[in-house]
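Labels A, B and C are assigned to the chains in the order they are written; within every chain, residues are numbered from 1.
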Amino acid sequence: MLPSLLVYGLINSVTLAITALGFSLTYGISRVANFAHGALYVLAGFSAWFFLNRLKLNYYLAALLAIMLTSLIGAAIYRLALIRVRGMPLLEIIVTFALGSAALEALRYFGFLGSHYSLPPMISGSVNLLGVPVDLQRVALVVVGASLVLFLWLFTRHTRIGLAFRAMAQDEQAAMMLGIDSDFMATLSLALGSALVALAAVVVLPLSFIATESGSNILVSAIAVCILGGLESTAGVVVASLLIGYVQIVTVTYLGPHYQMIVALLAILLTLIVKPSGLYGQQKELEERV
Amino acid sequence: MDLLVLKEVSKSFGGVEALTKVSFAVAQNEILGIIGLNGSGKSTAVNIITGFAAPDSGEVWFKGEEITGFAPHRIAGLGIARSFQTVRPFHNLPAYKNLIVPLYSSRIRKFTESGRWGDRDAVAMDLLEEVGFERDSQVPYKPASALPHGYLRRLELARCLALRPDLVITDELFSGLSSSEVGSMVPLIEKLQARGMTIIMVEHRLRELFRLANRVVVLDRGRKVTEGTPAEIVENSTVRETYLGAEL
Amino acid sequence: MARRLERIDRPIKVLTEDIYALSSLRTMLYVAAPRLLPALLVLLIPVLAPGDYFQRVATLAAIYGLLALSWDFIALSTGLVSLGQALFFGVGAYLAGLLNLQFGLHPFLTLLLATVIGATICTALLAPCLPLRGIYFAMTTLVYPLLMARTIEATAIVGGTDGLVGVASFPGVWSERYLILIFLLAAAFSLRRLMTTDFGLVLRSISDNDQAVRASGINLTYYKLIAVWIGAALGSFAGAYFTHLYMFVGLSAFSLDLSILPIACAVVGGLGTLAGPVLGAFILVPLAEMLRDLGTLRIVAYSLLLVALVLFKPEGILSYLKRKYEQVERWVEV
């Protein structure tokens, strides 16, 4: 039992981490909480399916196109909608959430229900880890996820562009005075965040079906990881994913599958009540609590 | 007796030390000035005294009892009123209605028997008159957002006075006002002191502050540099180098 | 020659300032009409509506109107934006169902108890979140209904995924139609009155500048608790009513739908006006019913409508009408 828990806990954690990265990056650069995150994930999945099955494209090409398309949609969301409500976080949430819900319901209406659509695994076969059989797709997921996290961490800390992003996030006005266009950065942040979530979709969805229902679950998971970890910290995303990932696996194994979301929801609630800035968030006393 | 005492108060925000072991005391019925360059910790000190921030270490004592870390409304209830640096009145309400809020606090409800709507309005109008609003004009009825800056400052002061405080802390009360506007507010402060009020004034306008203050505390980068009477401060060479050299 | 739009108050509006409203019949009518006419219309709906279907739509509109009113009140009085009105609705709905099925209580009694107990439970749940600022509070409100739904699903309590069936319905068709309308009107008028008192003034100041309110010796949490309790009570009543109307309560009582709709109604009708969201409900709900054939596409429709309004015309219908009623516009040459 234990090795199985360890292995699947890790896989779950990495899954959480890569789905949360997009949300964290978008917020980290431009302070926009993109509540259409889950919808973009599902859209990416369906576009990949479309490119693969209807246009009969090569698997990797389909994936790449799906990522680019989602990225464009994300940028469009900013350019067309969010730019008008910039700086009012509650309206940003309402707008992105409403758009995301609309998109998901539209997909549902047009018949894209779960369990009929799926993406084939990138790699087939399985391998034995600690005596536990794991399919290679999941291994690929962990590898991709870990390298992505590593890459982002190095990027934001050790490259000039990455540092510029972080500077911009911390002090938007200073960045504007240095000639960095705030709207351009925000559009970029949404494009990047959407691309990341699309990448996550392409890597994770082959494990099961593409379900419209998972849209809100993905959003909640991403928020849970980011809130628990601290909204601007990559280290936070990693630690929070591990925590939530393992707790989810344990409760699902012993209590039942419905508990997966309950764990995520409780993580959000308890973090906000006890320490709103999360594990690695900066102290923002006057901002957070009245 | 000392009304307010700060003992070794320190506070840092995310690695920046805003205040380091600052101690000073304010005696009853005196006017204490707090001066210092931007970033010296003046506003942090005010926030800590009034409960909007909790110190990392050190104590704040008021009227012989410790109030360190109390919530702002509780400190206001004990008798410390503060004005805000950036004056933001309750915009859409008429000027006199702005004062209803402090008059609604539990502190005032203990002082007065009136709970009826009409009486609070009368008290509010009296308060406005005290700070220099002309009673019979339209000014008290204008929405607060329509008031000129000098009046906003007076309104802010009235909001403090509505609490019937023992100690009033003004945070850059004179900033942004013309010399004549400041000149007309100075007698107001003097009048308050004459009636027994204790006042702490955080200020950049040194000329007027030195006329009013009995003692002055000088802060620089989170530490107390020195304290003394205005005459002593002006003579102090360290202060002259870091601060007054630029001003006078 | 440049022109600008100038807006000045209508003469009759100026005439009706304060006590002068009582000076003549005309001025009294001017003031009373916008308040009394809609109330009268609402009360006449059950009498005028042709057929059960329209009655049902009207009752639904009133229920959602109440939910929207509760959202608007909380936002107006404390500045807290709730993304989870469904919590109040669902708690009230389940309480009514439980009280009726487990204890055999009469619907009128369950309505009362569900409202009061529901409000208390919801306020207790939200209490630790009250000190949080805007966006963080909004996120907790989003989480709560989802948490409730998932917990019910996972633990299969209170009917689990099947829900509770066989809940008693209203004793008479007139009580079914009128009770909600009367409650809605009473709530709307009382809350408007409340906001004009000094208590309401303090509430509005909280959403305007909460730091100054704290520095004035007011305990914010206390006022927020009261405002949330009132809002929760209205929402719970709406939920309880719904249960008795359909004689069923299930997981859908916590659905996200119920959190988006009040916001949409408020944006359509006029944010912060209290009566606006009710108006919005009476517009959106019949509209949604007409689009019922399109199934869940309605959610798409009013989500998109919400987005469009927020982005382009956040004023709201009621504010627009009020402006037209009270002010005159004209182009003036500069």
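To be clear about the criterion, a contact is a pair of C-beta atoms (placed from the backbone, for glycine too) under 8 Å apart; a residue touches a chain by one contact, two chains touch by 3 or more.
These numbers were taken from a predicted model, which means no experiment stands behind them.
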(request) Kindly work out which chain lies most centrally, taking the average of its C-alpha atoms as its position. (result) C
(request) Report the chain whose mean Cα position is at the greatest distance from that of subunit A. (result) B
(request) Write down the chain pair with more C-beta contact pairs when A-C is set against B-C. (result) A-C
(request) Using mean C-alpha positions as chain centres, tell me how far subunit A is from subunit B in Å, no decimals. (result) 47
(request) Report, in whole Å, the distance between the mean C-alpha point of subunit A and the mean C-alpha point of subunit C. (result) 34
(message) Measuring centre to centre with CA averages, how many angstrom lie between subunit B and subunit C?
(response) 41
(request) Spell out, as numbers or ranges, the residues of subunit C touching 2 or more other chains. (result) 214, 220
(request) Send over the residues of subunit B in touch with two or more other chains. (result) 52
(request) Could you pull out which subunit C residues touch subunit B in their complex? (result) 197-199, 201-202, 204-205, 208-209, 211-220
(message) Applying the document's contact rule, which stretches of subunit C touch subunit A when the two form their complex?
(response) 81, 83, 128-129, 131-136, 138-140, 143-144, 146-147, 150-151, 153-154, 210, 214, 220, 256, 260, 263, 294-297, 299-300, 303-304, 306-307, 310-312
(message) Help me check something: in the complex, which residues belonging to subunit A touch subunit C?
(response) 33, 81, 84-85, 89-91, 93-95, 97-99, 101-102, 105-106, 108-109, 216, 220, 223, 227, 255-256, 258-259, 261-262, 265-266, 268-269, 272-273, 276, 287-290
(request) Please give the residue numbers of subunit B that touch subunit C in the complex, ascending. (result) 50, 52, 71-74, 76-77, 81-82, 84, 88-93, 97, 100-102, 104-108, 117, 120, 159, 162-163
